[in-house]
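Have a look at the structure below before the remarks.
Which chain is which? They are A, B and C, in the order written, and residues in each are numbered from 1.
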């Protein structure tokens, strides 16, 4: 038995929460109704009608009614999976019982919403035995409503040290006959409450980066066949910051992230996909600069790197250190400062080329990217070689596998993908790899 | 059952060790005697007469007598909790037995010190079963002396990979009927011996940062209701380095630190409390600069950021990259470079304001901080907004909870707190929050 | 019982893999044959005839024959321990059975290779029960061939989240009567496949740093008495990058690393040993610069630090910030920017001096390093003091213990060591410490 993921989606890029009932509006379900009608890149992979923190405590019973009403009306057409978040707390039996009652009501097939509900999100879990209590309630919900045991997915918000530790036990606990923990789907970090639980503090009140938590979440997902999702990024105007966070997450194997607005959903859906055009990264004395070639020439116009011709070669100045170089050395020195970021087209090309080489009995081939770099008016031609072997091929297959999962499960995004990459690249990307 | 902490102190800022017997002095207990008489900010939250590494092996029996004598004489008036460190080693039964004998003697109520001893610190623990051996000895000490089981606290020094792993099991082990591990109090990292146990080395012989160890210690404290303390900072003259380390620790939820001198105790007691005046942090091309406004104007006078007026606006230069900006864009660009560090007064204000807003049915309010920034003689007005919602409020409550814990348990520090913040701010801080 | 390491080597610096059978060569065992004849610094501590990833799947049965042949012919003279890597996969019983058959054949004493085989390397392990399957096969190999149970070492490649988690259980699992896991020897990270298993991705396709994995591997080695080894560094031309990685590993207690070429073996064997000459590290505005004194004067000739004499003292400029200093302050300011990296000679001196001081009843002594620093033509004399106490002594003993382990187990490297350090320093290094 391998740890194959048992759910429809093998990848989840975006986890989008919506308040279930807003006070003081003529229609308290307005936001739910609007979110249910998102399509394409604005529609998330997982949609979370949020009957916990996003909804005022006094509105949560009404929130349950709203979920039932809106999901009954629109659920069938929603391109996302639907996983409402209910109330729960490791330290409060009353909260847990209320969460149970809400799940029982939301999943009731007689009300019409039941069939559209893919699972539930349980916040504020503690040790593994607390996870089992939620699992048991889900089992009861299933049997009460005549559903198959384990058919409702369960996702958790990891927002306590206890829950972080519990993730280390999932692989062995998921096989035990007394539970249905195989229903587990997403492990979602909740850094705001986690910060409080850990009693951490920063001078400005900003959130700590919690690198170890994110690693441990990704590792648990890997070991137990689940999917790791990062928590909310509060500053919704800071698109660059959101992207930096996602890049950091991707390097940890955490490919999904919370989204608070349709704008963030678009970013979250797009960021894990390879870019439409390849580009170069230049290390300008510790600052990473993106260079996009025009007509094969990529220009750096900052002051952090200086280049000038001298009588017998070149002077290359980086952060106050000068090197005197001849032609060839200059090319090598510049090559050391750059890296190439391949486009989807590049990745597909390289994979196909490697597949062909492998079939012909070769174990490794060199892929070359050439560019002319212009610094202070001087042009330097460089060629970056990268050896592709089985390992490189396998590593490259993660973004392609994600691309295919998106293509298969999100027909409403085909148009956007084709607009971005062109139809032929999309076609080839769905065919390459295994 | 929640993981409420069972001890008097919910927070410990400072863990101060003192040699128990110094050779060649007329009074070998001189340092102990002096430490017992520290008061106010110089007195730690936890005082540790150190009968292990700080005391020569040949002096440790005398050290035990000194502890008994000094604690009998002064213990009642010591504002700190008193937790002597005894000898222990996971690999040496003889050392463990000696530590047991020392505890038996120190805790003996007939000698007079017993009642003043709050617990013991056990160094060099290994796997969880080794922790249980120490716990069992403490249980025997308690029953031999007619004390209640579990009344003596137990703190450990985490200085081996085995102990680091054991911390992951505390939450479940602490409930078992065969032990009294609920007595656990502090988890203290000991990076020097940990470095040796891990066989780590650095070119200069300096200690590695051990970020993961500190995270795991803080997480275990969170999961098991304990308190995490960082190890000693050897370079006692490097106050700035000690502060940097504490700031890093606080962002991990590790709010306490070892102190080797009364001077370090003052720093350790003060650093986790919010500052008396708010200030701004400026990101000057990767270097963080503190700007303290005078008459509402904060001046940056370094060369890492350049600002000059041009014909049609401004040129802003950061690390060799220039931006040309009009008035509004300049203000936005500067705003991106700064963050506000709130004072205790600011935090109390914001919490009170949010409490009032919440009562009035609002879920979020904007808190604004305004300042004029002067760079290269040019003044730029900026306004930083921060949304406060329930989560922000909860996160801000950690420093306030710590403040209240200090205020309640350390009457000897009231004067220093009032001198620092003013009596009215102190009064309001003890009243806000829940 | 302490966690003493049970194997011949307490330290392993280099883990060198060689393809077992190369297609299209007249002699498919050519690379094996050449690797078996490496001596001195080019010979690794652990040599791994690699019948997994380095060898084409179709060549692996022939690879087994080659191992038997080459190890029979040359094994006795190979200075390295010999641990072939066989095929294995947590998700494939067929692969595991094939690995078992290969081990049975390679270890057969009738073929002549058996006695020279020190153990096997098992890749792609999963949870701890998967490790036990490999252990059981090794036990069967041993009893089938009349060897003592547990006499074959077992090393694993950690290249899945499941295996990373399993490392946390080794300490307690290794004592159980149903297994012979005490045979465990090396924990080797395999970052390429780990990246795939974690589904991580980076823009350029480069490997993530995986700092937490390396920490957890080192910690498991510490807790269970094993040895931690980092995975392969692909860019074999990038010697500087390989060194940076090793320095980072050493600070985590991971003292060994994979080597893909004899050149990398030399680097891996040398890097954990102290340098032959001490030198200074200068923090030049965030960039670390190595300064090697000539005739007691170390010169910095970059532009990141500026120093000039003024009417009443000096102007010191670091990264755009100026300080105006008198003579003494200048010396202190420069001292804050530098650190000394001791040579093997320095380390031995300091240890011997501390041992003598300790015998004379002193607990701590100051070791001084003096140098003249020349910046922009101005010379500044500095003296760096470092307090040596028992803890410093113990920390310094790790490189010395490693040195002695090398000296004892690798007579073929004596000549290279004496060439590097001089015979007298080598002699004293083998005598100091305990």
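The rule is short, and it goes like this: contacts are C-beta pairs under 8 Å (C-beta built on N, C-alpha and C of every residue); 3 or more make two chains touch, one makes a residue touch a chain.
This one's a predicted model, so the numbers in the text were calculated from it and none came from an experiment.
As for how the two copies subunit A and subunit C face one another, under half of their interface residue numbers coincide. Annotation, subunit B versus subunit C: rotation angle of 120 degrees from the Cα superposition, expressed as a multiple of 5. Rounded to whole angstrom, the centroid-to-centroid distance between subunit A and subunit C, based on C-alpha atoms, equals 35 Å. Chain contacts: subunit C has residues 168, 212, 286 touching two or more partner chains. Only residues 1-3, 168, 171-172, 211-212, 215-216, 218-223, 247, 250-253, 255, 272, 281, 286, 319-322, 339-342, 361, 363, 386-387, 390-392, 394-399 of subunit A touch subunit C when the two sit together in their complex. Of all the residues in subunit A, the ones that touch subunit B in their complex are 23, 53, 56, 90-91, 127, 160-162, 164-165, 168, 192-193, 195-208, 212, 234, 284-287, 302-304.
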